[in-house]
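Both of the next two complexes hold chain A, though its partner changes from chain B to chain C.
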Partner chain A sequence: MKLKEYKKIVDKNSPKEDKIKNVLISFVVGGSLGALGELFVKFLEAKFYMPPSECYMYLMILLVVISSILTGLGIFDNIVTFGKCGFIIPTTGFAHSMTSAAMDNNKEGFIKGIGSNIFKLTGSIILFGLVSAFFLALLKGVIM
Partner chain B sequence: MTIKFESSYIKNNYTLLGRNEYDISLKVDKIIRDYYNNKKSIEEGESSYQIETIKGLLRKEKLKETDIDALISGDLQNQLFASTFASRDFEIPTLGIYSACSTFTEGLIIGSLLTDLNNKVVITTSAHNLVSEKQFRFPIEYGSLRKKVNTFTVTGSISALLTSEKTNIKVEYGTIGKMTDIGYSDVNNMGACMAPAAARTIYEHLKDTNRSIDYYDLILTGDLGVYGLEILKDYLKKEYKITNGIFKDASSILYEQNSGKEIAGGSGPICLPLTLFSKILKENYKKILLVGTGSMHSKLSSNINETIPAISHVVSLEVIK
Partner chain C sequence: MIYINAFILCGLICAIGQIVLENTNLTPGHLNSILVVCGAILSFFGIYEILLDWAGAGASVPITNFGHLLFKGAYEGYLEDGITGLLNGILSTSSGGLSVAIIVAFLVALVTKPKH
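This part shows the complex of A and B:
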């Protein structure tokens, strides 16, 4: 049997994922997270008279710390199951995948376990984030 | 290739269930509700499950380690960690096998060849949900999104004793399957990966033994899940013109309440023997065809965009009442 025919059988018998529902949940959850973050930034600006760039830095730190702690407590994976990509795409997802990878290998020691595995999932985000930042900065320098 | 066994019988078994997130209501010999089982890591935890079942089986049968001629064991971990580290505690000659979720039927075939030579053989297999998540998917605490077709690895271990002395469960035929790759590559839908292999080996078994599918009271597949079983039936119909047969899937029986809702069923090498020993053999089935199915992918194979090869080994049992 050809793969095409087989895929027809598979599709007939497999349940459909509720893609629209997932997208909507992610949109609402991710959007509210962003709105909350914006509120926090405005709060810092108003209360402590910080420049915006510093406010965003503190917001990042807050999100990363909270999601890392929740991952360590074993709660965050359930939150992700509920909020889907709404929690994975923001910085919370980055911290979550970093912490979970470190937890997986903590029995293998600090250097060979945690040290060499902590960026297993997030290594590519860091690498390609840096590479694209470099080229964008270069572009900016050339244009301006 | 189909082999007829002259004198191979399943004498006894010892079943152990670890901690499982979804309830399993089957009665087993022992339940350990701890992923670690007082060990430092989950990998060693799985290994200790195997030690428990082998010791339990020897205790049940009042046998000494030296009475057993061979131990055949397998699991899902890299380099068969659980099996090798469990077997170092025993004075028994050991064979390690890897055949993913069809480990038990592969063990039965090799073990039956040995029992035909008048040996006593113990077949052991184990699985651990967290270890498989870590090894085949994402880190344990990572909240990866599950699809409805995802299966859920069952944690536990099983040992079975094969002898040449007559009991009421006879191992009759064993068919060694061919590695089958239809070109399917969705790791999430393992039932769909393994169904063609199962169908192929069932067809070859029936051809070699000159039997029709109606000869068997029950065809018990290992861990295709609820959707995989339907795919198998459709595929058998279209490709091999086999339309009849009473099929059940061991993994969906295990997770009876949750199969088809949050998950498609269980997976792992212990689904098939666990359901067989704790449920099917206690019911009135006379002729049972065991279809173990294994999906032979790894992280590497999906990273280099390879398709998923699958294997299926089939064993026919006869229950003599």
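This part shows the complex of A and C:
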């Protein structure tokens, strides 16, 4: 009984975030990132005559470098608070979690600090991506 | 026009992620892991190549592209050289971005001063 009343009070007083607004912000921010990326790819294609797959690699590298540096300067957390999933789901989020995991533990030294913590958050992404890609490729290769 | 396609696809993936985050207890870490596996599955059925042709960088910016690159490297390696090719190729196409991410993260962690 008491727990129920308490939950009621919590629900009433916890700030309600506007879900639709957040989804819209993510859509616009993520979409802009995609369109800007396309602009960068077109620029590389026109200027250096690269094949598309190489352009996409350099786009990924650009995003990773920018977001890592912004994380190091401490700006990226504010950007994520504003852009929500628009910055978490693109490659920027991947680089951000890797850099912040390494940064937060760098006072403990090279091995126990940076070395053992750098994959703390992104390890699951690499692990599940690698395992699923391995078995799916094996499956497709054996069947086809 | 490809810029609008890129805007729509990349925005749509981010919006779906935001909807999932709002309505479940999943953390961004869960979400990114799920999306990487989704990218590998889409690549398995050959859909991701179509998306890349349709939206260009719009399909290449989200983290799903990492799953696609892993699958693509593994499958192309298998076609070339069997199991050996699969094991050698699984990281080949994505190694550029991954290596740079690790190197830059290490350098930034070196340069920044420890907190507390």
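The criterion applied here is as follows: the second predicted complex is superposed on the first by the 131 of 144 C-alpha atoms of A that agree within 3 Å, B and C clash if a C-alpha of one lies under 4 Å from a C-alpha of the other, contacts with A are read in each partner's own complex, and residues count from 1 in each chain.
Keep in mind that, in the parts below, contacts are C-beta pairs under 8 Å (C-beta built on N, C-alpha and C of every residue); 3 or more make two chains touch, one makes a residue touch a chain.
Note that this is a predicted model, so its numbers are computed, not measured.
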Exercise. Touching A:V64 in the superposition: chain B (first), chain C (second), both, neither?
Worked result: second
For this session: Report for A:L130: first if it touches chain B alone, second if chain C alone, otherwise both or neither.
Result: second
Exercise. Who does A:L39 touch here: chain B (first), chain C (second), both, or neither?
Worked result: second
Exercise. Is A:F76 contacted by the first partner chain B, the second partner chain C, both or neither?
Worked result: first
For this session: In the overlay, answer first, second, both or neither for which of chain B and chain C A:L3 touches.
Result: first
Exercise. Does the superposition put A:P51 against chain B (first), chain C (second), both, or neither?
Worked result: neither
For this session: Using the touch definition from the top, say if A:K84 reaches chain B (first), chain C (second), both or neither.
Result: both
Exercise. Which partner, chain B or chain C, touches the larger number of chain A residues?
Worked result: C
Exercise. Looking at the overlay, what does A:K12 touch: chain B (first), chain C (second), both, or neither?
Worked result: first
Exercise. What is the contact status of A:M103 with respect to chain B (first) and chain C (second): first, second, both, or neither?
Worked result: both
Exercise. Can you pull the chain A residues that chain B and chain C both touch?
Worked result: 17, 22, 71-72, 84-85, 88, 97, 99, 101, 103-104, 107, 121
Exercise. Which of the residues in chain C come into contact with chain A in the complex?
Worked result: 2-4, 6-15, 17-19, 21-23, 28-29, 31-33, 35-37, 39-41, 43-44, 52, 55-58, 60-63, 65-67, 70-71, 73-75, 77-79, 86, 90-91, 93, 96-98, 100-102, 104-106, 108-112, 114-116
Problem set entry | Complex contact set, residues of chain A against chain C | 17, 19, 22-35, 37-41, 52-53, 56-57, 59-61, 63-65, 68-69, 71-72, 84-86, 88-91, 93-95, 97-99, 101-104, 106-107, 114, 118, 121-122, 124-126, 128-130, 132-134, 136-141
Exercise. How about chain B: which of its residues touch chain A in the complex?
Worked result: 40-41, 134, 138-149, 182-184, 189, 192, 196, 227, 230-231, 234-235, 238-239
Exercise. Which residues of chain A touch chain B in the complex?
Worked result: 1, 3, 5-7, 9-10, 12-15, 17, 22, 71-72, 74, 76-81, 84-85, 87-88, 96-97, 99-101, 103-104, 107, 120-121
